[in-house]
Amino acid sequence: MTVKTSFMLRHVEFQNRVFVASGTFGYGDEINDLVDPNKLGGIVTKSLSWKPRDGNPPRRIAETPSGMLNSIGLANIGVHTFIEKKLPFLRTLKTRIIVNIAASSVQEYCDVLALLERHDGIHGYEINVSCPNVKEGGLSFGTNVDRTREITERLRPLTEKPLIIKLTPNVTHMSEFARAVKDAGADAVSCINTLVGMAVDVRTRTPRLSTVTGGLSGPAIKPIALAKVFEVAKSVDIPIFGIGGITTADDAIEFLLVGACAVQVGTTNFVDPGASVRIAEGIAGYASSNGIDDVGKLVGSLKADVKASVLQTWL
Amino acid sequence: MKRFQTMSVVISLEEIAEGIYVLTLECPEIAKLTEPGQFVNVRMHDAHSEPLLRRPFSVSFVEGDRLELLFNVIGTGTRFLSTRRPGDAVDLLGPLGVPFHIDDTFETALLLAGGVGVAPFPMLRAALERAGKKVITLLGARSGVQIADRRLNNAYVATDDGSRGFHGSVVDLFHATVARNAILRPKIFACGPNRMLSVVAAAARTIGMDCELSLEGEMACGIGICQGCPVERSREGRKYALVCTDGPTFNSRDVVI
Amino acid sequence: MTVKTSFMLRHVEFQNRVFVASGTFGYGDEINDLVDPNKLGGIVTKSLSWKPRDGNPPRRIAETPSGMLNSIGLANIGVHTFIEKKLPFLRTLKTRIIVNIAASSVQEYCDVLALLERHDGIHGYEINVSCPNVKEGGLSFGTNVDRTREITERLRPLTEKPLIIKLTPNVTHMSEFARAVKDAGADAVSCINTLVGMAVDVRTRTPRLSTVTGGLSGPAIKPIALAKVFEVAKSVDIPIFGIGGITTADDAIEFLLVGACAVQVGTTNFVDPGASVRIAEGIAGYASSNGIDDVGKLVGSLKADVKASVLQTWL
Amino acid sequence: MKRFQTMSVVISLEEIAEGIYVLTLECPEIAKLTEPGQFVNVRMHDAHSEPLLRRPFSVSFVEGDRLELLFNVIGTGTRFLSTRRPGDAVDLLGPLGVPFHIDDTFETALLLAGGVGVAPFPMLRAALERAGKKVITLLGARSGVQIADRRLNNAYVATDDGSRGFHGSVVDLFHATVARNAILRPKIFACGPNRMLSVVAAAARTIGMDCELSLEGEMACGIGICQGCPVERSREGRKYALVCTDGPTFNSRDVVI
């Protein structure tokens, strides 16, 4: 059976529903020898800011049970170098390019996006209002529903391309934020960025990360991410990129079933660079062997009564 | 530089010193391409997610299609490796990183290893000797039983407890060696805990020797995409270099450790 | 070196800082053949309500990477049967007994506590305002700071014993809740209860739990729990019971270092019933080999600059 | 009832049918106490947390200090078990659960197994025979290569694909057996997937036979402290029983499955 894997967001068609997540695939040209990006639905770039950022001092990584903490601190080459050095390569790919933007002021978000708009080869934007590893911007935006709405409202008029807001799970009701950005004109939300976490070296009695706390990712967070996507899907009618601990096609399908219209593979790229392509193939295979001719029909098709869940009363 | 994610096959596992193992893997693609100082990122499981991340190990030696890893058991990952048996499959990503620079005009290579920092030296020494360099190998460990001098004949040994060779650290032994011998156009190659490397770097600066370090550090990806392995640069420009792709070998002048 | 392991909470002395968490040790008489409860700092009982509760229908358990989801739904024998059938055994122990109370109304909390006050053998109360698996009470209380405060205010006058409020991590700022219950007279807080999570069976396209969502526990959540305890410890001056994924003495020490005055071992009891006692011994051993004569000196002794953390600006 | 958390030692691992293994463990404490129908909760790793929970397995047979587990490989945990080698240590918690009731006044025991539901039957049958009961053993599987009839001589076999014995399900075979033979004072003992057990329970009710089931179900603790393994009771009183401590054996009249 031929299975339709593509889908549309705004005016853009994506060839399948598996993307690589921001910060876990560089700018696309670092690991294209180990995985063929042209087999992906899209690449989300490392977060870009106006100026290059050095990132946080070492130590930036700590492994935890089935997960990892990172405190990269948005180390990135800056939007100008990106345009000059990375975009030409990305333009040669036939997959879609979503540029992720991070900033420490509303104006900076606008400036970066406006500059990128003047260049070809970009198919959409993902706005990171949820990085837990920088003190300005990041969580102080992402946990404030008014700031999140304001950023979306200010960016919306600047582009006709898909505008995706990447939300933080570190809030009581993520759906409240999804609703706000939908009302402000966003085309989709990405759920979830990392969870605030911490690890301690008991030998030295110091935190394992230079910034004390960091962002938790990997298989450990998958159950939380699924519940967040389910919460948003049940409360707000907006396309969702499901993210969090995806390592296999089955994991990705779980996200589709609870309501994600596409998924992003993050930490797994570090462990198994070929995984994202295998996941895309695995989803098509699952649909095919279940007699489903369009992966889109899986989206939100979980047989579940939200009334059975605590989310019912809690939302 | 060409890299592979590929399955290798365990040929043998041998305990060559107390708690220190050499794992020999058959892996033609990677064996063929590896140069001294490069490493492989090794997956620590197959089906499940614990431990999640790959672990970096220097390629210790290459012979035909086979490569050797030298490691000591410290945590879950290395314990996993120490239970591999002939015929088991091990997922490798490599070769990774920038090799040692052995084409400079030095004549004598001084190899300084602290503990399992010795790992990359068998391959490095063989390459240096092929290139016609004179090699002096200095190995340090807490105790004599932990000296892993396989494939490193005539190495000078230093032990913290004095149970074998020189009584003191490998850096002390280095100073003694330099003081006692006239060493022609030397270059240091050092590998070991970062504490040791920063002492070596300082010594090299003081006596004006060229010095290359192989750094350790936590890695998530090993291939330059996570930005998780910064080391501070001492030159203008970017504040940090990445240990995995700009290193793990660095000239001691170029980094602050 | 002899190490002091005991500590005081209100007027009660506990012999050490390792407790077993509510819902993971039954009522103490179910696994005393596999672990000696007298070597523990205390036992926190399964949550009790006024009437017995059947709990949720199967399936109640799903394993996840380094964690598990549960949706027990507060299945319990009710406070009357507890007093009649379980308390006599608990009185024979020399460890401390903390009774955990769950309820679906403020009045029910008060009724249960008032009834328990008329019986000997109870050394304190832990109030569960954070169960993610029941629709009344639970999260709808625990994510509402006013309700949480109200429950504490109403319970405080009813007892002179330690009153511990068990908080949910499913909120933006847990420290806000800790502050509220401190002001309302609580003696301590327990951090954390489980995180809302979910898992899907892709073969049947149904949720793995009958209640769709459940509570995530186990090693997977340890980094999150540590960050939450650190957040509370840095913002509110109140004793904290650190809970979440503790499996080893080192894990427990991490919690003490970030600011927990004691810890509770949960999910690990299912896997390794003897672990809690070994953890208590391991903490004393760690103190001793580090030349520390009182485990209390470890509490909050992490060498860390909260200013380096995103929590600084975010709180 | 006495239980232990203890380390057993692997004596052997044998593939007795396609994908179905018998693991023989030396574990005097538990072997001595186990009765037919009881289970052990097996830890699936040593140092790390994946998979986190123990897995329950019926004790299949006991001989002296040794006990046998019979399992098929379906996921991480059973794959782990299938890689154990002689000498390895395996952490067991047991014996757990309520044994089969074999002291009632029945004369003929009808053993019905679906797939690896056969696991507890070798031990059960030996005990029944010691107690002077007549035993008829019916085993079902998808295909003949998956019939695990070790220690079960003269078992009647049913396969879904007809490749061995009766063509059909073990419940069909049961009906055929009952129809063709006069069975004196029978009692059914059934173990297999819950789907099968509910069909068996309905059949037993219809024809008025006493019937005991060994239930499967997800467990976290296996020892009655997590409340994670409820099965609905059909009698008044508590709504649920716990599979791990009130079962896994239940009279089919007492539970709704």
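Labels A, B, C and D are assigned to the chains in the order they are written; within every chain, residues are numbered from 1.
The rule is short, and it goes like this: a residue touches a chain if its C-beta (ideal position, glycine included) is under 8 Å from a C-beta of that chain, and two chains touch if they have at least 3 such contacts.
Please read these numbers as outputs of a predicted model, since none were measured by experiment.
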Chain hops separating subunit D from subunit B, counting only touching neighbours: 1
Farthest from subunit B in C-alpha centre terms, which chain would that be? D
What pair of chains is linked by the largest number of C-beta pairs in contact? A-C
Return the distance between the CA-based centres of subunit A and subunit D, expressed in whole Å. 46
So, in whole Å, the Cα centroid of subunit C is separated from that of subunit D by 36
For subunit C, residues that touch 2 or more chains besides their own: 65-67, 218-220
Can you list the residues of subunit D that touch 2 or more other chains? 48-51
Taking touching chains as linked, do they make an open path (line), a single closed cycle (ring), a hub with spokes (star), an all-linked set (complete), or other? complete
Note which residues of subunit C are touching subunit D in the complex, please. 23-26, 30-31, 33-34, 46, 52, 54-55, 57-63, 65-68, 70, 72, 75, 218-220, 247, 267, 269-274
Of subunit B, residues touching subunit A in the complex: 2-5, 43, 49-54, 93, 217-232, 238-240
Quick one: in the complex, what on subunit C touches subunit B? 65-66
List of subunit B residues in touch with subunit C within their complex: 48-50
In the complex of these two chains, what residues of subunit D are touching subunit B? 45, 47-51, 76, 79
